[in-house]
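Labels run A, B, C and D following the written order; every chain starts at residue 1.
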Amino acid sequence: MKEPVAVIGLGNMGFPMARNLLAAGFPLAVHNRTRAKAEPLAAGGAAVAASAAEAAERARIVITMLADDQAIDDVVFGERGLLAGMKPGAIHVGMSTVEPATSRRLAVAHRAQGSEYLAAPVFGRPEVAAEAKLYVIAAGPPGPLETALPVLRALSRGVSRVGDDPSRANLVKLAGNFLLASMLETLAEAFALVEKAGLDRLAVLETLNGALFASPVYQTNGERMSRGAFSPPGFQLALGLKDIRLVLRTADQLGVPMPVAGVAYDHFLSAASRGRGGLDWTAVSEVVREAAGLAPAWGSSTSDPINVR
Amino acid sequence: MKEPVAVIGLGNMGFPMARNLLAAGFPLAVHNRTRAKAEPLAAGGAAVAASAAEAAERARIVITMLADDQAIDDVVFGERGLLAGMKPGAIHVGMSTVEPATSRRLAVAHRAQGSEYLAAPVFGRPEVAAEAKLYVIAAGPPGPLETALPVLRALSRGVSRVGDDPSRANLVKLAGNFLLASMLETLAEAFALVEKAGLDRLAVLETLNGALFASPVYQTNGERMSRGAFSPPGFQLALGLKDIRLVLRTADQLGVPMPVAGVAYDHFLSAASRGRGGLDWTAVSEVVREAAGLAPAWGSSTSDPINVR
Amino acid sequence: MKEPVAVIGLGNMGFPMARNLLAAGFPLAVHNRTRAKAEPLAAGGAAVAASAAEAAERARIVITMLADDQAIDDVVFGERGLLAGMKPGAIHVGMSTVEPATSRRLAVAHRAQGSEYLAAPVFGRPEVAAEAKLYVIAAGPPGPLETALPVLRALSRGVSRVGDDPSRANLVKLAGNFLLASMLETLAEAFALVEKAGLDRLAVLETLNGALFASPVYQTNGERMSRGAFSPPGFQLALGLKDIRLVLRTADQLGVPMPVAGVAYDHFLSAASRGRGGLDWTAVSEVVREAAGLAPAWGSSTSDPINVR
Amino acid sequence: MKEPVAVIGLGNMGFPMARNLLAAGFPLAVHNRTRAKAEPLAAGGAAVAASAAEAAERARIVITMLADDQAIDDVVFGERGLLAGMKPGAIHVGMSTVEPATSRRLAVAHRAQGSEYLAAPVFGRPEVAAEAKLYVIAAGPPGPLETALPVLRALSRGVSRVGDDPSRANLVKLAGNFLLASMLETLAEAFALVEKAGLDRLAVLETLNGALFASPVYQTNGERMSRGAFSPPGFQLALGLKDIRLVLRTADQLGVPMPVAGVAYDHFLSAASRGRGGLDWTAVSEVVREAAGLAPAWGSSTSDPINVR
C-alpha cells in the first residue's frame, strides 16, 4: 500500500514530479500558489489543497519543490503553512536547492513539533523530471528516509544517501552545482582560446571529451555552448547564479576560500547584469568571449535587463 | 613493409613508446642524451645513435619526446641536431607538449630544407604509454600524416586529426591540459568545502561523479586526491605548472583572458614554491585545504624546495 | 545652546566619541548593553540609560555605534529599543559601518513614526576617535543634517556630505573600505615579490611611496605590514572581513562583479579560518607570504581558531 | 667638468631627456633608429651617431631608453651595437622598464668586457620627463653610480638607490608599476559600484582621497578615469599591459603568486584585445563598467584592433 503524498510547489520541476507520483499510484494532494497549475493534476485524481497546511494534513510524506530559501520559509512557517498541517510522524521532504543552514532550521522546527524532516535535492532539468530520471541526494534520519524511499525512487534513476543530518544533502547538491558551473566557465575559457586560433569549438570538444572525460555532461553542455543554443533555456542562468551564491555563502560560513567559484560568480553576475539571466546558463560563454574581443552571440532573445537578484 | 622510425628522447614517456614500436616491428633508431637509457632497447634490436642527426639519418619518421620547448630547440637546431640529419621527405613528429608557436617555428625550418613536420602531442601517463594506449592529437599536412599514422596507431588507443597546421594539435593539447588542471583545482575547492563540513570526500566524489559526470577522469583523480596518494607521482605537479604556463602564454598571444587558468596557476606555483613540485599534481588540493584552515597532508615525501621554473 | 545627545554603544569607538561629546559640552545620555562601560562617563556627567528607548527619550540626536547590521536591528527595533523612545523630530545618526540596505530600512522605519534618520559612518581607528579626528561621511535630509552637524564636527577632522539618501553614506564608506583592503592585499603581493628577491620591504615601501603615492595611508600600513606588528591590532582582520562581505553583498545587489574584492576576501577569510582574525588586518600579508613559500610570521599572538563569521 | 653622455633611443621619453641633458651642459651624443628624431638635438649641439657603437665611443655614460627587453638586446648585442663601442670604464645606464633578468644578463656582458652597467628605470610620463622631474630608481656598483649621479639628477626630482645589484632597480620599478596598475583596477571596481548606485564618481573620489589616501596619484588618475579622458593617452594601456607581463614573469621566476596582478592583467588584456591598447591605461575602467552592465565609454577614439602583444 502506498503512502499518501503531498507536493507543494508545481513549477517546472514540481509539476512533472507530481504527475509521475500520480502515475505511479500514490494518493496525491497538491498545492500551488496559483491554483491553475494544479488543474491538470486534479483531472488525474489529485486532491487540490487550498493551503500548504491542508495539503500537509492529507499526507504522510510532504514534498516541497520551491524557488528558493525564502519561498520555503514562507510555505513552512507562514499562516496555513506546512508546519500547521503536518501530523505527528509525517515527513517533510525538502527537494529544492537550498542552503544547508535552511535545512538545519527546518530540522529543528520539525523536531519541536513531532514531525520529521529530510532533505532530498535533485540533479536534473524539467525534461528529466518528466521522465522520472532525476538523481536524488538524500539525507536525514534512517527511519523516515526508508519510509520516503519508494516516493523518491518513483521520481528518479538513482538515490544517494549521504548521512543522517539533512543539511548534508544540501551541501553535496551545492558542491555538485559548483562543479557544473565551474565546468561551464572552464569550457568557455577553453573555447575562447581555440576559437580565437580559428578552430572549431565543437570539434575540439569532441576530441577532448573523447580523449579525456568521456562524460555526457561535458558533451551536452559543450555542444549547447558551442552552438549558442541559449534559448529556450535548459537551466536558467539566473538560477545558476542563485546557486553559486548559495555555494559562496555556505563556503563563507565554513571558512573555505573558493576562488574558482568566485570567477564563475563574477561571470554569471555579469551576464545577469546585462539582461541575460533568462538564457541557458551555458551562455556564460558569451561573457568570456566578449572579454577576449569576440562579438558575443547572445542569440535573438532580448530580455529585459532583469533584476540580478 | 614498415617505415624506419627514430625516437629521440627516452624519458618516462619516450622509452616505453620506443619499446612498443620495437615490439610492433618498426625498424628503430634511438637517441638519448645519456646513452645508458638506450641500452635495453639496443638489446631488443634498436640502433643506438650518438646524436640526433645520426638517429634522423636512419629514419623516415623521427619522433621527438622531450621535456620542453627549449629541449626541442636544442635537439632540432643544435650541432649534430635533428635538422642536420633528416633526409628530404623525412617526417619529424613532435610529440611533446609545447607551445603552438614552437610548432610554427619548426614547420618553417623543415619546409626550408625539404623535410616535413607534424605535431602529435599525447594524453596519457607513462603507464598508459607502456600499454600503447595513449591518445594522440595530430595535425599537419595530410600526406605526411598518412605516412605517420601506422606509427601513431602503434602507440595509442586513438588518433584525432585536428587540421593541416601542426600548431593546432599543440593548441588542442594545451586546451585539454587546461581542462584537466582546472578540474583538479575545482575538485580541490569542492573537497575543502565538504571536508570542513565533516563529510567524506571520496563518498561525495562517488556520489557526484555517479550523478553527473560519469567520467573516469574525475573518478581516478578525485580518488587520488581524496586519498592523498601524491607520491610516487602519476603526473608531476611541476610539469602541470609548466603546461599551465604554456596555456597562459598562448592565451596571451591570442588575447584571451583565462581567469580560471590564473587561479590554477597561482595554486600550482604555490605548491612548487613550497617544494612540492615533485608530487602528483592532484596535490594542488593541499594548497586549497591549507587556505581553508585545514592541515595540509603533503605526505611523507619531503623534496628539496625545487626551482619553480 | 547645544542639543542633547545620546550615544548607544560604548565599544572601542563609541566610548571615546561619547567622552569627546561630553568634553565639548553636549548634554549626554549613554546606553550600553553592559552597564560597566558607562560608569566613567557617568562620573563625567553623562546620564546612564537602562535601555536604548530611555537614552533616546532624553535626546534630540541619537547616535548608534554598534558592531554590525544585526546589532543595529536589535537596538532599534527591539523591546525598549531606540524607536520606542524617540520623540517626533528627533534624529537618529547611524555611525556604524553597515549595508546601504540597512540604512534604507531604518529610514523607512523612522519616517513612519515621525523621527529622522541620517547615516554618518566614519573613517578612523579608536585612537583617532579619541583625538576627535575621525572623518565622517554623512548623508540624509538637509534639515536634520544641519542640526546634527555640530555634533559630527565635535567628533571629527572633517565631514563630507554625499547626498540626501542616507544609504549613500554607507555605500561611500564601503567603497573606501574596499580601497583600503585592496591596497593591503596589493602591498602584500608587492612585498612578497621583493622579499623573495632579497630586498628590504620597508625600504621598497619608502621608495615607492615617496616616488608615487606620497600617501600617509600607504606609509603607515606598509610599515606595520613590513614590521609584522600585528598585535595589538589597530583594526581587526575579522572586522575587515566583515566589511568586505558587506562590499560584496552590496555589489551583488547592484550587479557589479568586483574580482579584486574577491581576492582580498579569499585572503582575509583564509587568515580568519586559521585563527588570525584577532590580528591587525595588515596580517593578510602572511597569507600571501605563505602562498609564496615564505614562512608566515603571525607573531607570538596565538588566538583561538575563531569563528570566521 | 661634465662627463660626456650618450643617449640611445629618442622616443617619447628619450628625446626630452636628451634635450634636458643638453640644456644642462653635458657634452652629448645621440643615436636613434630613425635619424630624423635626432635632428632637433643636433641643432642644439648634440653629435648624431650613426650607430649605437659610435654613440658609445663618444661617451663616458651611455643611457638607453628603449621600448622593451628585445630592443635593448638588439641595441646592446647587435652589429655596431653598444657593447662594440664602449670604452673600458664607461658606464651603461639602462633606464627602460625591463625584467630584472635582462639587467642580470647585461651586467654579466659588461663585466666580461670591462665596462660597467647600472639600471636606473624611472617613474614619470613624457611631460614629466620634459620638466626634468622624473623619479629615478637606481642600482649598481657604488663607484659608477656616483659617477652617473649628476646625469641622473639632471633628469629628475629624486633618485633612490636600492642596492649594488642593478636588477634590484628593475624589480622595484616593476613593483611600483604593479601598485599603480592595481590601484587603477581597484578604482575602476569602486567606481562601477558607486556609479550603479547613482553616485557621482568624481565626488566619491574626492571624498575618499581626502578622507584616506591624500595622494595626488589617486586624484589625477581617478579624475581622468571618471571623466573618461582616455585620449590622447598619458600612459598607453598597451604599455601598461607590457609592464604587468613583466611583473608576472618576474613573479613566476621567484615563485610568487600575485592574484591581483592576474586580475589587472586579464582586464588590460581584454581592453587590448578589443582594440583599446592605444588609449590611456585608466581606460581599464571601461572593461570593468561593461562587466557590470554599464555601456562602456571608450571615447571617440577608434583604433585598429591592435596586436595584443
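Just so it is clear, a residue touches a chain if its C-beta (ideal position, glycine included) is under 8 Å from a C-beta of that chain, and two chains touch if they have at least 3 such contacts.
Quick caveat, the model's predicted, so the values are computed rather than measured.
Within the list B-C, C-D or A-C, B-D finds its counterpart interface, over half of the contact pairs alike by residue number, in A-C.
Contact count check for A-C and A-D (C-beta pairs in contact): higher for A-C.
The geometric centre of subunit A is 52 Å away from that of subunit D, both derived from CA atoms. The geometric centre of subunit A is 39 Å away from that of subunit C, both derived from CA atoms. The multi-chain contact residues of subunit C, meaning those touching 2 or more other chains, are 254-259, 263, 266, 270, 273, 291-293. By the touch rule above, subunit D contacts subunit B in their complex via residues 245, 252-259, 262-263, 265-267, 269-270, 272-273, 308-309.
Note for the complex: subunit B touches subunit A at residues 100, 123, 135, 137, 158, 160, 162-163, 168, 171-172, 174-176, 178-180, 182-183, 185-187, 189-190, 192-194, 196-197, 199, 203-204, 207-208, 210-218, 247, 250-251, 254-261, 263, 266, 288, 291-293. Partner subunit C is touched in their complex by these residues of subunit B: 259, 266, 270, 273-275, 287, 290-293, 305.
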